[in-house]
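In the two complexes below, subunit A is the common chain; its partner is subunit B in one and subunit C in the other.
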Partner chain A sequence: MRKKELKLVVTFHTTADAMAMEKACREQEVPGRIIPVPRTISAGCGLAWCAGLEDREQIAAMMKKTGIEEEDMHECMV
Partner chain B sequence: MNLSDSKKKLALAGVVCGLVAVCLALMGNPANMAFCIACFIRDTAGAFGMHQAEVVQYARPEIIGLVLGSFLISAATKEYRSTAGSSPMIRFVLGVIIMIGALVFLGCPLRMIIRMSAGDLNAWVALVGFILGIATGVFALKNGFSLGRAYATNKINGAVLPMIVTGILVLALATSLLKASEAGPGSMHAPVIASLIGGLVFGAFAQKSRMCFAGSMRDVILMKNFDLLSVIAGLFVVLLIFNIATGRFVAGFNTPGVIAHSEHLWNILGMYTVGFAAVLAGGCPLRQLILAGQGSSDAAVTVVGMFVGGAMCHNFGLAASGTSLNPETKELVAGAVPPNGKIACIICIIICFVIAFTCKREDAKK
Partner chain C sequence: MIYMDNAATTMRKPKEVIDAVVQAMSSMGNAGRGANEASLSASRVIYDTREQLCRFFHAENPRQIVFTGNSTESLNIAIKGILNPGDHVVTTMLEHNSVLRPLYEMKDRGVDLTIVESSEKGTLDLKALEDAVTPRTRMVICTNGSNLTGNYIPLEPVSEIAHKNGALFVVDASQTAGVFPIDVVKMGIDVLCFTGHKGLLGPQGTGGMYVREGLPIRPLKSGGSGVQTYSRTHPAEMPTALEAGTLNGHGIAGLHAAMQYLEETGVDHIRAREQDLMWRFYEGVKEIPGVKVYGDFSTKERCAIVALNIGDYDSSEVSDELLTEYNISTRPGGHCAPLMHKALGTVEQGAVRFSFSHYNTEEEIEIAIKAIRELAED
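Entry: the complex of A and B
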C-alpha cells in the first residue's frame, strides 16, 4: 500500500472547476493529479487537486492566470 | 472512529449497512426490497395520497431515519453545512427523472445491489445500464457540465427537510391521516421502531463513509479510485453471504416474488437513466437523502423531486410490474414496463442529455 504523505490539496466550489483545473494543469504541465476530496477535509463528495507542497506557488499562479477559483488550499495526508 | 482512513474501514461501513438491510428484511420488510430508497419514497408519497396505488402506500420510517441519522451525526461531528443555490429546479427535474428510471427498472441502485446479491440476473443486466449511465455523466463532467456552485445559507434552511420528515413521523405515529396498504409490498414492513433505528444507523454510517452508488462508479471511471466502491463491496458481500447461508440465493431470471421483470432493454435503460441523472445531480438517491440531512437544500429539492416522480410513476402508469404467479392458475405472469413507462424513460434520457450538454461551467459563472 502506498505510504501517505503530507500534500497540498486544492478544493473547488464545483466538480466542473476541478475538471477545468485538471485540463489546465495538463496543458501547462503543472504537476499534480485529481483525487476525491479527502474525507478529513469535507463530508462532500467532490473532486480536488493534489500536488506536492513545493508546487503551491506554481499552482496558485496558474489558477490566477486561468481564472480558476479555489474554495480552499489545505495541507493534509494523502 | 474515523471510518474513512482505509478501504477496510469503509468496507466495514458497508457491512454494517448490509446487516441493517438483512435485519429489516427478517423483521418484515419485503425480502428483496429490504432497503430501497426509490420504493420507500414512492411508498411514503403514497401514504400522503400523492398516488392511489393501494398496494404501495406506507410512510417508511427508514426514509425518515436516513435523513435524521445524517442530520444528527453531521450536527454532532460539526459537519452540518447549510447550503443552497445550485440550480434548484434542474435538480428537482433530475429527482423526478431518477424516480422514473428507478421504477422502470423496479428499484434504486441500493436495491439493485440487494437483488444482485440474491442472484437476480435482471439486476446484473441493469448494472450494465447503470455503469453506462454513469460513464455518460462522467463524459459530461469532462466536457464542462456544471449546475453552478452552492452558497452558505441561514442554518435553518438546511434543517427544513429533517424537520419535515420528523413531522411525517409524528403524523404516522399520532394520527390516522396517512394511508397504509393492507395488502402488497406496502403492507410488508418491519416494526416502526426497528425501521426507524435501522434508518438512523444506516444514515449515520452512510454520512460518515460518504456511501454513494453513483459516486463510487464515477470515481472508478474518472480517477481509478476505489475508496467509495469498497463501501458498496462490503454491503454486497455481507448480503451475498447472508443469502447463500440461508438458501435465499437463487440465480435466474423470472423469479416470482422478487418484484422484478425480465425486459432486459428496459432494465438497462431504466438504470442508465438513474446513473446518468445521479451523476448530474451529484449523487444516487441514497446520497441525496444523506446530503439533504447534512444541510444541502439543493439535495433536499432533489428529494422533493423524487417524491413527485414517485407519484407520477403510479398516476401516469409509468412503473413496471413484477413477474408473479397467478394465484388461481399458478401460471407465471411476466412483469413488464408499460408503454407510458417506456416513452417516459426515453424522454428522461433526452432531458438528461439536454441538461448535461447545455449547463456549462462558463455559463454558471456569469
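Entry: the complex of A and C
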C-alpha cells in the first residue's frame, strides 16, 4: 500500500453535495479529487473531497462563494 | 477500467438494450394515455415486458407484474402496503437497508419486528428462523442473496416455514433476478421484489414486483392512471392499482430488450460464467497472507461476489488504491447492509467487495488477483 500523507478531507451530508463540490472544483480549477471516506472519519455521505493541506483556504473560499456546505473538514492521514 | 462492482449495477449492458432505449426515446408516447400510435407503441412494449417477466418468474398472470423504479420502491410497497400496527414480521441480518429501513419505520408505527441472527459467515440459521415465525406472524421477508457476502439463500425452506404458520413470504431478489432461476409458484413466493438494472441487465430506474393473485396491497401512490378518470379513487385493478403516474417507458423498452437477451443467452449460462469467474478470483486470493475473505464458500451456489479485507487496512483505502493504481472499480464500506457487517465483525473496517458480471474476463480476474497480492505484500 502507498505511504499515507496528512491531507485535507472534506465530508458532505449528501452525495449531491459531493458531486456539486467536484463540479465546482473542476470548473474553478481548485485542486483535489473524490475519495471514499476513510474509516477514521464518520460521515453522512460515503464520498469525500481530498486535497493538500495547503489548499484549505482556497477550497473554503470556493465553497463559501459557491454555496456548498461541508459536513466537516478534517486533517487526516490518507 | 476494470469494472468489478456489478452488485451495485451491471455497468456493461447488451448493445440491444442501449439501442432499444434510444429507439424508444425517439418514438414512444405515454402508455395508456391515448390510442395514437406513439402511445400505443409504449403500451405494447410495456405489456410485452410484463409478459416476459411473467414467463421469466413463472407467474400466473402478467397483470400481477407491477413496474416500479427499483427494488427499494417494490419493497416499500410490499412492507408498507401489507403490514398494519400489531402485525408481527420476521426478517434476517442479511438484509439490505431497503428492507431494514422500511421495517424500522413500521416498527415505529406499532409493527412487531423480529430479526433472525446469522452466523459470522453470514449464513441464515433456519432453526432460528423457524423459532421466530409463529402463527401470529403476518410476513416473512428475506433476501435471496446477500449483497455483501454473495451467500445464496435457497427460498423453498423459508417459504415452507412462513406458509406453515400462515405468514406471507416476501422476497428481495435484487442480487439474484436474472442470474438464478426463480419460480414464484413452485417457491411459494407471495411478493417478489426485483430491480431491472443488475442481473436483469436493463437500465437504471426500472424495477418491479410480482404480487400473488388475490393478495391486496395498499398503494403508496395514487394519481394518474389513464383509466376511470372521473372516479375519486385510484383504480383497484392490478397492475394499475400499484402503478400511479407515467411509467418509465423508455427504460422499460430497454428492459424488454434485456429480457430478450436473457431468454436467448440463458440464465444458466450467465450464472455458470459469473460463478466460474468468482471461483477463479476466490481461489486466487483466499490463501494470500493477510487477506480475509468473508462469507460462506462451502456451497457451489452463490452470487458472484467476493468481499475481503487486507490486514486491518481501511476498506476505503484499499478500494481507492485498487482504483488509482490498477484501474479496478470495487465498492468499499458498508454496502447498505449494517447488520450483515455486524455479524461479520466488519462494522469499523467495512469490506472491499468484488462483484462480477458474465462480461468480465479471465484476464481481468488475473489482474485483480495480482493487485490484491501486491497490496497485501506491501
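The rule is simple: the second predicted complex is superposed on the first by the 74 of 78 C-alpha atoms of A that agree within 3 Å, B and C clash if a C-alpha of one lies under 4 Å from a C-alpha of the other, contacts with A are read in each partner's own complex, and residues count from 1 in each chain.
Definition applied: a contact is a pair of C-beta atoms (placed from the backbone, for glycine too) under 8 Å apart; a residue touches a chain by one contact, two chains touch by 3 or more.
Remember, predicted model here, so these are calculated numbers, not experimental data.
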Clash-or-fit label for the pair subunit B, subunit C on subunit A: clash
Touching partner for A:Arg39 - first (subunit B), second (subunit C), both, neither: both
Contacts of A:Thr15 with subunit B and subunit C, given as first, second, both or neither: first
Comparing the two partners subunit B and subunit C, which touches a greater set of residues in subunit A: B
Subunit B versus subunit C as contact partner of A:Lys65, first or second or both or neither: neither
Subunit B versus subunit C as contact partner of A:Arg26, first or second or both or neither: neither
Segment of subunit C that clashes with subunit B, given the candidates 19-27, 37-45, 217-225 or 325-333: 325-333
Touching both subunit C and subunit B, counted on subunit A across the two superposed complexes: 35-36, 39-40
Contact set on subunit C toward subunit A in their complex: 310, 313-321, 325, 332-334, 348-350, 375, 378
Subunit C-facing residues of subunit A, complex: 1-2, 35-40, 46, 78
Residues of subunit B that touch subunit A when the two form their complex: 2-5, 74, 79, 81, 86, 141-142, 144-150, 207, 210, 212, 215, 219, 222-223, 225, 227-228, 282-283, 287, 291, 294, 360-361, 364
Touching residues on subunit A, where the partner in the complex is subunit B: 13-17, 19-20, 33-36, 39-40, 43-45, 47
